[in-house]
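Mind having a look at this structure? Questions to follow.
Per-chain residue numbering starts at 1, and chain names A, B and C are given in the order in which the chains are listed.
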Amino acid sequence: MKNLLHSKDLSKREILSLLDRAEEFLETVHKRKRLKLADGKILAALFYEPSTRTRFSFETAMLRLGGEVISNEGMNETSSAKKGETLYDTGRVVSQMADIIAMRHPEPGSALELVEGARVPVVNAGDGPGDHPTQGLLDLFTIRRALGRLDDFTIVMVGDLRNSRVVHSQCELLMNFKGVRFILVSPEALRLPRSIFKELSKKFKVEETDHLEAAITGADVLSHTRIQKERFSTETEYKKYKGVYVLTPALMKKAPDSMIVIHPLPRVDEIDMAVDKDPRARYFEQVENGVAVRMAILAELLGL
Amino acid sequence: MKNLLHSKDLSKREILSLLDRAEEFLETVHKRKRLKLADGKILAALFYEPSTRTRFSFETAMLRLGGEVISNEGMNETSSAKKGETLYDTGRVVSQMADIIAMRHPEPGSALELVEGARVPVVNAGDGPGDHPTQGLLDLFTIRRALGRLDDFTIVMVGDLRNSRVVHSQCELLMNFKGVRFILVSPEALRLPRSIFKELSKKFKVEETDHLEAAITGADVLSHTRIQKERFSTETEYKKYKGVYVLTPALMKKAPDSMIVIHPLPRVDEIDMAVDKDPRARYFEQVENGVAVRMAILAELLGL
Amino acid sequence: MKNLLHSKDLSKREILSLLDRAEEFLETVHKRKRLKLADGKILAALFYEPSTRTRFSFETAMLRLGGEVISNEGMNETSSAKKGETLYDTGRVVSQMADIIAMRHPEPGSALELVEGARVPVVNAGDGPGDHPTQGLLDLFTIRRALGRLDDFTIVMVGDLRNSRVVHSQCELLMNFKGVRFILVSPEALRLPRSIFKELSKKFKVEETDHLEAAITGADVLSHTRIQKERFSTETEYKKYKGVYVLTPALMKKAPDSMIVIHPLPRVDEIDMAVDKDPRARYFEQVENGVAVRMAILAELLGL
């Protein structure tokens, strides 16, 4: 593994190896320690689109490994990109200083351009609606920790399946496993892109519905995402779904005791705060898991 | 002490204990050293309102303790707040990564909301016009270093007493001591809020005047703050006070030799630069004191 | 050496001593290590004008020396400057926290004002069109590494010689050496400022031309800079030069085998990407050299 660019580049062996490594780092994260593993190494965080949460997660991961960070969350505003520099040149230049690069960018495929120039490993920290492989990996990590496996389980994906890069990354990564049953819950207008749907359907049992309550009764994992009003063409269409996909304590009563709820955060109102206390809610725990997974990715790519 | 949210939450014992601890750290600050005390700990600096000075002070304090920093001075622009995330959720999320949080926010009381979600200690680094407890503490630290006591002294507070959160914090903190005489010098429109005035008056001798020169002849401490033109309703009113409260070498001649001048900075023109050389001017020394006091606060809250 | 403000302040002995020190640090940069030399020291990076590349270079240099960093790339937007604080006060305040300051500012001479207040060393990281001494030094470092000397060579400077602070810094620094032959290639409107031209001409052989191809046949160093469309008064004038100064593989065939190409980056289209593979292209290598040179400057000013 030289870079981590896209979820579909990862083999099952690579995924499991990263998750195993993350398992080891989780204790460091829980105990809030700093290792010496990455001593002297520098991470460059290049964010062409703001994402404080993801940036903080990468930076925390690097610091807990013992490394250092140089960082810019406003690359689109302040960097040479504005003067017309290509991503190729930026990759080339930054890799003369840093030992590894994490990039967030609004354009799908931008990570590939940076990699061409870079002389050090690059991690895709989200490129537009395309992919967010480190988030997908931490979701798998959370699932495996809860269920003990990544095969033979039922995942209910709910919300804006069309535009959520997190959902897309989950699908791509789960393609490496077997016996996964997908129940896709979304408004008609926000269905999973047909290309991903077809790919999934070749290997797995995939159902589409717009009814959340029925779907969760047999779920092992509920993967929730935010629905944005602006995605709908009419107010009527929006109102039809507004509230239907809000996860409430009442709805949680219909779900199995062993089901877990994951969500990439931030949430707005799609999960009632009263659900936070439910032990099945794992979205805050995912933040800690995310640091461990990113430690594993950075350590792996740095050859530590 | 689990958090440091508001000046009025602090007991006399807690204040003195923090100042004693800061005294110990002052040598580290003077000698520009880095301790190992906070090794492996991470401070998250969440600034929803820019304040480079205060952010640098917190970050320097954490670094000199031996810890690390993740930081964002543009939380209002770049963070999930824009997507509608609550401060509760932000507190919950960030505390899965960092060991302690310092937050600056324009809304009074916002620190309380963050604390609800946070699972790690929170320090209020200023919340709107409300309070700025770490600045208030460093002011007391500076006063105690100069006078040797926090009881039985005369403080002249001058400037925009109505809107200065620093002045309000000073008043709240000094309520824990005895025999303090307050002389409040301000234009009519910028008087100390009546609630604080009444509280002070119950315990202390408090005078209000708009005449600075007379006030300072018997002062032990002159606490100066900036007056902003936009606070006045008319140009005539503004001109009446413009210049009257400018501290000049001539005015300093009327003040006792033992009086000290404190100011939270930045200053614009309310203190003549010629006063900088006067040994009674302590506003730049306060910056160093601020690092020591914040080291004490961080160490205390981290249980180090 | 107490500060590094302007190229013309540096003596030949100081330049050579810095370059020798940078030579020692280059191995650390190549091996991507972190020394303990600056342990406990803090660099404040104050950027009143964005420049991610230069900021990253200074921060990387400080981190590789073993020090820590506090940083702001948006000082013009977020700092007390907006409230009317003088650079004198900013210098005074920041030097109560940090051990050394690197400042980038759009106004020529601004570094001098900051220095008045600062109580710690200040490095000018570029002040408007005036000067960019650390870039000039790394250019000399790159030249000396390639040619083995800084005397008796031919440098072709091409592009916007009027406005490029990098070119101006190169000229000021080379004034300390002997036998340098300058060939200045630029459109009439973008000639080197007459003051610098006259100074150079007193000591060196200086030719001006607008013909690049002829110039490079005898060059040891080609110092390229970007030409911006907005510098020309008419579209016709711009089109006359657009493309003429683009460095291509075809043009490189006319140049000696031993010539090197330097460029401060970012480039837009003035150097064809196909030239990158040419071993004479040194503009990416310069980035690494820049870290080593800045390590030398920081170490020297910190007395390490």
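Keep this in mind: a contact is a pair of C-beta atoms (placed from the backbone, for glycine too) under 8 Å apart; a residue touches a chain by one contact, two chains touch by 3 or more.
Bear in mind that the values here come from a model prediction, so they are computed numbers and not experimental data.
Visitor: Given that chain B and chain C are copies and touch, would you call their interface same or different according to whether over half of its residue numbers are shared?
Guide: Answer different: the two copies use largely distinct residue numbers here.
Visitor: When the CA atoms of chain A are placed over those of chain C, what is the turn angle between 0 and 180 degrees, to the nearest 5?
Guide: 120
Visitor: If you average the CA atoms of chain B and of chain C, how far apart do the two points sit, in angstrom?
Guide: 40
Visitor: Considering chain B alone, which of its residues make contact with at least two other chains?
Guide: 74
Visitor: Taking the touch rule as given, give the residues of chain A at its contact with chain C in the complex, in rising order.
Guide: Residues 39-42, 44, 68, 70, 72, 74-75, 77-80, 83-85, 88-89, 92-94, 96-99 of chain A touch chain C in their complex.
Visitor: If we count contacts the way the header does, which residues on chain C are in touch with chain A in the complex?
Guide: Its residues touching chain A are 32-34, 50-53, 55-57, 59-60, 63-64, 73-74, 226, 265-269, 273, 276, 284-285, 287-288, 291.
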